[in-house]
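In what follows, subunit A forms one complex with subunit B and a second complex with subunit C.
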Partner chain A sequence: MSSCFLDEETFCQCCQLFLQHSHSLCDGWSWEQVKGSEEGYLRKTALGTGRTRCNQDQQGTSSDQHQERTFSLSFHNDDDDEDDGAVCCIQEENSSSSVVQYEYHILYSCSYQTPVLYFRASTLEGRSLCLEEVWDSVHPNYRQRLQHRPWDTITQQEHPLLGQSFFVLHPCRTEEFMKPVLKAALEEHRQVNYIVTWLSVVGPVVGLDVPLSYCTQVPEPPHTPSSSPQPPSSSPQPPSSSPQPPSSSPQPPSSSPQPPSSSPQPPSSSPQPPSSSPQPPALGTKPG
Partner chain B sequence: MSDNAESPTETQKDEPPTPQQPTEDSGTADEKKKIDVLLKAVGDTPIMKTKKWSVEKGRTVQSLSQFISRFLKMEANEQLFIYVNQSFSPSPDQEVGVLFECFGSDGKLVLHYCKSQAWG
Partner chain C sequence: MADDKDVLRDVWFGRIPTCFTLYQDEITEREAEPFYLLLPRVSYLTLVTDKVKKHFLKVMKAEDVEEMWFDFEGTPLKWHYPIGLLFDLHASNTALPWSITVHFKNFPERDLLHCPSNSVIEAHFMSSIKEADALKHKSQVINDMQKKDHKQLWMGLQNDKFDQFWAMNRKLMEYPTEEGGFRYIPFRIYLTMSDRPFIQKLFRPISPDGYTHTLGDLLKEVYPVAISNDDESKRYQVVIHGIEPLLETPLQWLSEHLSHPDNFLHISVIPAPSD
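Moving on to the complex of A and B:
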């Protein structure tokens, strides 16, 4: 259903609300505007842990490593390229847990109509982590699923705005894990902050912590006047200038509930459908 | 792993003690400080026969997630997602006791779960 997607304007609004709370927590997020453009993204750097290859004694380790830990499950069964099997195994002997510098970017994807998480990771010495190290560093809770299909989960791509190489958490199925929340919000006539919900799901995968207070303190973006925003069941209004007005929504009232989305899933490579009108405020309002 | 939904208190052979003791009656806090968790399936995710569990406060979301995944016999390509208040997903390292304090109501913490093939 189309309400699982996010239009760019709502994305920006959600980000700004998110940012306000980040400032109050000194959580480190900032908004980066692209020069000469309307586009921007959220950015944060943080230290975390990751598994990196030990470089001190052994340089350029051969990837044919001895130890395959039991949880590097399905590489060999699953993928066509045998090489991945060897390369992607957890290399007990030569990798260890170490401090990693992460830089996270939250961008809006027009193709997917969802936010996308880009990130970089490097050791404290400044060496960028390679893809396998990033895979190894994924939170154990998600490791099994990642190892089943790592190439579907985290890969390297060019940052759409900066043109540099970043790791990306694939957004194709964002709808799947957003849907339960958005559907419930729709049914209960409440809204959610898409960015907060989305980040609470994707962040921990790659070491990004989202403090619980985001989930209670960040308001939803202002909405169409057609449905007066119900007092959300779980988010009290924050003290900072809360833009949750009953009626001063900037969004043009696209009052039709769900446009029959004949193109439900934006295909990954096609240009976005015009987001200025057909998309309802993608956050579960049910007019009337 | 016990297949019997009615008596999941059997010690698991291959994993540390998992949330156990279905409480049909309201769980009283014993010295281990447990909280009641109510698990609700979302969408076409299988429903657990036993929905109410007594879980130690110090248990992490990840541990609970693993438990549910095994209980549901999930495939390797599936990922379990857990939601609080049907509005966000708690971090896997979060303790259920903390979630209960913040989001519990009527003496229990309601968690919705959904399995999916996310990510890519």
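Moving on to the complex of A and C:
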């Protein structure tokens, strides 16, 4: 793929390849199809740790005033251009480390032509975590990144397919970190699965681990005639009638990670969601 | 015949007469009277209901008050949808005033987003504008604006200042003449009879061979259910800002004139009233 943008069809193909590897690792991802449509998303639930309020009788509500203070950190209101003045409040006196149930969804955004990570979190008793608790649960290594770049931040949004409240990592900066990776991969004739690369950047911020074998075992989708011309060495895999199972033990990473010949064939028999509408040509051709 | 600019004003100044009644199970010190308010179609519930909150807090103890939220006939109302959209979607064919129930307890965590302050509304509003411009102009126009310009858009909405808002917003409505329109039209089609809240897809206002797409073309492509065949009686109404535009209306024109301040065309598809 020579562009940092992803069209919906390629998104689905990348997801299917991603999914095959997940099955081989029992990594827990599934594909959820939207009823009556070809659209869908990747889904996974996992237990993790988080910082939650203790002694809460009701669902995640702190006083309005309390939350108001915290929300000033996400979007700068002062006129100072240099410093966003973001402060992350760590409520240590009232919160503790506990086991949290996470649910992650990977959706496609047609507006930004990138994947988007949606997630929600709840305690084992079923209480939804509030935004503040989610912020507190972000590993300190990543907190600074979220503080100083407002458009990378976590906000609460409506899930566009389910209509329920989720937290989201804002997608509009995806291009910035994907572009150099994809460019380098193209120059070095390496295969890159967009979803794998993207998730390995955004996932860890919200507690989602991506095992290393994804990077070596998951190829990119075959190149269709409508996408941009690829360098000759990364020729598409020969189509097969059924998907090959991937090798059971992960290959050790090599210096130039070409997928081994026994790696999963493009899943020609698994449901490829064709675009239902005559959409404009794959945007891989546009300049980055 | 209305001038195009008049349409912009009519859209901006649209109002819905609303009656707010406190939920019967809320704990009050004395009986709460209903509160009447004219709500701006293009604004957001949590931005314009401070008076409602103040009114009901007069009869309640502070400890019985958590985040305020609203429902209509049992359906929690999403504050992040424009008020006019909520009305068209849930209450268009009911009698005025619009009867909304006010709650201060048992916030429906799964269904509603929290709104602890106006900065959350601002963030949501600006995020929509950014997304719309990503579709219209590959984000070039919004990114070329300064922070104070973004602020002007928000303040215009917050303070109901049409001229202040449109002084900036007109830039987001421009396009290169040779293109004939925006790159893609920012729209969402809201459905009542579906789990899915809305449909949003990429759709060009002008086809590669120069054909101007209409509202009907959009629906046929993206939600054909909405358009009935000639031999069937009309099953659905397609509503924008409380009216049913002709399906022949050019989509580019709709986007420039009937978008909400967030630059999206919010289109409701609702069951046609049966007489």
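Please note the rule applied: the second predicted complex is superposed on the first by the 182 of 288 C-alpha atoms of A that agree within 3 Å, B and C clash if a C-alpha of one lies under 4 Å from a C-alpha of the other, contacts with A are read in each partner's own complex, and residues count from 1 in each chain.
Assume contacts are C-beta pairs under 8 Å (C-beta built on N, C-alpha and C of every residue); 3 or more make two chains touch, one makes a residue touch a chain.
These numbers were taken from a predicted model, which means no experiment stands behind them.
Q: Just checking: does A:Gln164 make contact with subunit B only, subunit C only, both, or neither of them? Give me first, second, both or neither.
A: second
Q: For A:Leu131, decide between first (touching subunit B), second (touching subunit C), both and neither.
A: The answer is second: A:Leu131 touches subunit C but not subunit B.
Q: On the A-aligned overlay, A:Cys172 touches which partner chain: subunit B = first, subunit C = second, or both, or neither?
A: both
Q: Touching A:Gln144 in the superposition: subunit B (first), subunit C (second), both, neither?
A: First partner only, subunit B.
Q: Where does A:Ser200 make contact in the superposed view: on subunit B (first), on subunit C (second), on both, or on neither?
A: First partner only.
Q: Hey, what residues of subunit A end up touching subunit B and subunit C alike?
A: 74, 170, 172
Q: Under the touch definition given earlier, write down the residues of subunit A that touch subunit B in their complex.
A: Listed in rising order, the residues are 73-74, 139-142, 144-149, 151-154, 169-174, 176-177, 179-181, 184-185, 188, 192, 196-197, 200-201, 203-205, 209-210, 212, 214-216, 233-235.
Q: Along subunit C, where are the residues that touch subunit A in the complex?
A: Result: residues 66-67, 78, 80, 107, 109-114, 116-117, 119-120, 122-124, 126-127, 130-131, 134-135, 139, 147-148, 186, 195-198, 200-204, 221-222 of subunit C touch subunit A.
Q: In the complex of these two chains, what residues of subunit A are touching subunit C?
A: Per the stated touch rule, the residues are 34-35, 58-61, 64, 67-68, 71-72, 74-75, 77, 79, 81, 110-112, 128, 130-131, 155-158, 160-165, 170, 172, 277-280.
Q: Okay, in this complex, where on subunit B does subunit A touch?
A: Within the complex, subunit B contacts subunit A at residues 42-43, 61-62, 65-66, 76-79, 81, 83-94, 98-99, 102-103, 112, 114, 116-120.
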